[in-house]
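Presented sequentially are two complexes of subunit A, the first with subunit B as partner and the second with subunit C.
Moving on, here comes the complex of A and B:
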């Protein structure tokens, strides 16, 4: 009898142990990446790495706790490193961000991939084009990792408090309806992560100017450098940390656009197309209050200062371009800068010259005056004393 | 009557004040002139800071690189990787932190050991019967032998070095390459002829073994290391003695992940 009851109890005990193990495992993995392939067996060692054939130092170390709290923290290594089947990893391929990574996208319940963004990106000014219309010098164009890093989830701060206290209180309310705590935490982290801008205006400028200040790279694509932005009030505000200051994204990807879909101004859907500029300057519906009363005349004004293109059309000599092939820039300048704009540029140059002479003359006269006054004082002093 | 020196001393503060004012005024004036008349100089500075020029020599951009870790490392490394090692083994002065580059199969794994095992441990093969030699932890910050260390999985506050045992149980770090000689070689290298460099290198490395200690020399029971003596807990010793990676290196030319752990289809979208 006793034996029989034990026999009955045993499966329940086993089931209970399995449940405990499973639940325990689920919670213990809160700060760990789903390392089913046991990649961390080697990759948790900080000195793991080598120099590659190009001489670049490749660090193969992964801090699992940090990675688990990053935006890619719920992915297995092979979700991105597809087809990596051998040790040593001689079969490693470049990560393709359009890969389906076995995360269900909750709105459609389909497998998630960055393909939507990549398609938009390829159609944008930064895209590599297609077979029918290839872009020259595709190696100049930024890839995903040039702009994106694997950012970490950090506790959200808002008007009711900050950091973990706010997260704890909010999550407490979430857990009421969503008992799967890890899921709720991830969802909350993702949601709050997207509520804030990842980069400050200065960081945005630094990011964009990594390419757009490179005169050689720009010349290869018929562009002038973004020095033309650094001669504006917009930049002055960003530089001095003014809140609400406009960076590149504010105009080139305002509300309703994404940074992956930046288009040339000739494109009808571009926010800097003359037809869309009033909306862009007023930034309707956005958090940033820019120029709410912007008119067509205001929005039609020039935002970036005149640069190399205007100088070319106005017939001015371009400095520091001896080693650059400026033919593409010249070609684009002819279509981008009208004769009227070249005239405005010339007038502005005269005004600039006038102020240079005025300031130089004033300072020079002041110095001369001070010198003469000093000499006269010394003479007088010498005679009396 | 006040002496000439006294008069001069009295006038000195006023003179100093005038002098400093004029200098500051001149500097301000020059800066203003530069800003108004030569704005391109400022722009050039910012451009140069952003992008290394193609015209630069081969090593220009290497010298400019700051810090050991790129800021945007995708896999989120931590401060341990960037931590400077005040007393690195002298070998690293020439061979760097990733000295292994030849064996495709093991180079990264061997480099993984450089964080917690000094080069001399493997590259000067000890005689197991030599009672005058042992291994000890050396604190990374102080460079002194210690028994107090923290960490795990390659992140330790100390590093294992070979030591010579002296009278009364005293221990001294064994350095197969004399640090002073190595530094002298680095300083004099430019003056040496190629043949002299070759000769100097051979002499410097005279205590370096031709057959370094390999994975399966240590990672086995009663191997090269006495892990217990070095303070590893029993569970970890079991793991170190039976580590899967050693078997993988010893048994296979190439190891293939079993497909059973490959969940689902992983193909790029078309």
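Moving on, here comes the complex of A and C:
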């Protein structure tokens, strides 16, 4: 009897499992691009990877569904990974983001590549230089992948809504005219991805300070570390997670600038050039109008607290260590820090010293006085007073 | 509750009350108590919301999703408390000039060469070189020192706070000085309040409790003899001063209750 009922149930179970598998498979495949190069034959296995010559673990697994939802999800593998014609891959080349990736750029209808951004980047303070303008220690400078990964599209949320529902409703309207749903979704995601900052202010600080708080790396380029930023009120807002709080790019690439085109203070078009500071501090037209009434006097000052360079120019001896050659910093300090700034730094140091002595002296006297008062009170009134 | 409240000897002493003939002296009138109460509330709000800026990153982010809201209200509260504190300071200035009690306060609070002598002799007494402490008038050198520090600190904190509030108008150098001074002065003020004032009024062993003076405005006769002997003698020799400083001497105080059971409503009691 029991066996018979099982026999009856079995076809339904089987049918249900098949339906689930089919639907699941169909659903999972709906967003994934076709693997025309058959790379997933091997790369679909999560355990695929190896340790490279430096002992670093390299993972070669590709989650096709996640990849399809990434910013590069509409590209074929070989669009970026040029070569790879042999198996195992012995002809591997490093990914070059300036490669034309066989996607038409809709505004010009030409083949797309990131070459525009790379050219700007190379001309920026982070560029590796060229034969005409060589840069020492080019290996220290960040490459595309130091800041970028193949990031995922995430549902847009903003002033009109806080959930995926916003994307669903908006896309519903798009699908009316654009029946190719996958295309419409990609287009929508591509656009909305740029309507917000990809990284929070804290993430930006973490990213930039990976290099800019490395004293050895900075000293090689004649720079001081930026840890004095953390003495500012800007940082206080960032650490409390305030939206649009002033992080590195708020001042070094404000509205109208791009992070790929960060330039030194001496460059006339830099937002931190003294001539452009009022505009930068007021950030008119940006999401956050930071100091709308900023005066030239306010904007002309040093935003980061004074660091090693000011100390050097003010006459403080900063000794080299075994791993830290400060000679270039010392040389650059003379041109970077004016006599007036060194004077300001000295005044601030005297005020700091005055308060240290005042606090130490006053509180020390108070402690001694109250200790004696307590001892005397106990003698007179007993232990409990 | 202070350790004095737990002391049965002290409680018995306190509970003697007016019926045993003990006098109570007025130390702070209603206006002074209210000024003190507002100052004390503002000081705590300013200290908490001010030092929050200096919290380490890990602690700042421990508020989770509420961090931004916490930071927003921190700034609002700091400014509100700052404005109230400045207003109380200005009121106090007018109080000193335009009220009789204020003028008495100002005259009694003015530093005199005698204060330096008192301090040295008092230290000798603490060290056991003298048998009796100096006889203090209405305000001892400790209170004068604290009062002058409070006035100076409030002016410095208010000025630098207002500079930081209107930051875009000033040069960065002025703001750097204001930031440094505001922070350092805050550290000095908080440490001084804890070590000097709170220790003085709550933790020092003494004959009886004065921990409720900030609410009732009164201290008992024993405390008066012990702590402000010179003022006590002056009052007892002068009927005009008795009318001002002895609780119940003024006809307006006749209906005043005994200060033994202190309630928050006692703040409204008029001396």
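Of note:
Heads up, the rule we're going with is that the second predicted complex is superposed on the first by the 334 of 385 C-alpha atoms of A that agree within 3 Å, B and C clash if a C-alpha of one lies under 4 Å from a C-alpha of the other, contacts with A are read in each partner's own complex, and residues count from 1 in each chain.
Going forward, a contact is a pair of C-beta atoms (placed from the backbone, for glycine too) under 8 Å apart; a residue touches a chain by one contact, two chains touch by 3 or more.
The model shown is predicted, which means the values in this text are computed figures rather than measured ones.
Looking at the shared chain after the overlay, A:273 reaches neither subunit B nor subunit C. In the superposition on chain A, A:44 contacts subunit B only, with no contact to subunit C. In the superposition on chain A, A:367 makes contact with both subunit B and subunit C. In the superposed model, A:346 lies in contact with neither subunit B nor subunit C. Once the two complexes are laid over each other on the shared chain, residue contacts for A:115 go to subunit B alone; subunit C is not touched. By the document's definition of touching, neither partner reaches A:284: not subunit B, not subunit C. By the touch criterion defined above, A:85 reaches subunit B but does not reach subunit C.
In the superposed model, A:300 lies in contact with subunit C only, and not with subunit B. Within the superposed three-chain model, A:321 lies out of touch with both subunit B and subunit C [touch as defined at top]. Contact comparison for subunit A: of subunit B and subunit C, B touches the greater number of residues. Overlap of the subunit B and subunit C contact sets on subunit A: residues 359, 363, 367. Contact residues of subunit C toward subunit A in the complex are 3-4, 6-7, 10, 53-55, 57, 60-61, 63, 67-68, 70-72, 123, 125-128, 167-173, 175-177, 179-181, 184-185, 187-188, 191-192, 195-196, 199-200, 203-207.
Against subunit C, in their complex, subunit A makes its touches with residues 202, 233, 236-237, 239-243, 281, 291-295, 297-298, 300-303, 305, 344, 347-348, 351-352, 355, 358-359, 362-363, 366-367, 369-370, 372-378, 380-385.
Residues of subunit A touching subunit B in their complex: 36-37, 41-42, 44-51, 57, 59-63, 66-67, 70, 76, 78-79, 82-88, 90, 96, 98-102, 113, 115, 145, 149-150, 152, 209-210, 213-217, 225, 227, 230, 319-320, 323, 356, 359-360, 363, 367. Those residues of subunit B that touch subunit A in the complex are listed here as 29, 32-33, 36-37, 40, 43-44, 46-47, 50-51, 54-55, 68-69, 72-78, 80-81, 96-98, 100-101, 104-109, 111-116, 153-155, 244-245, 248, 252, 254-257, 261-269.
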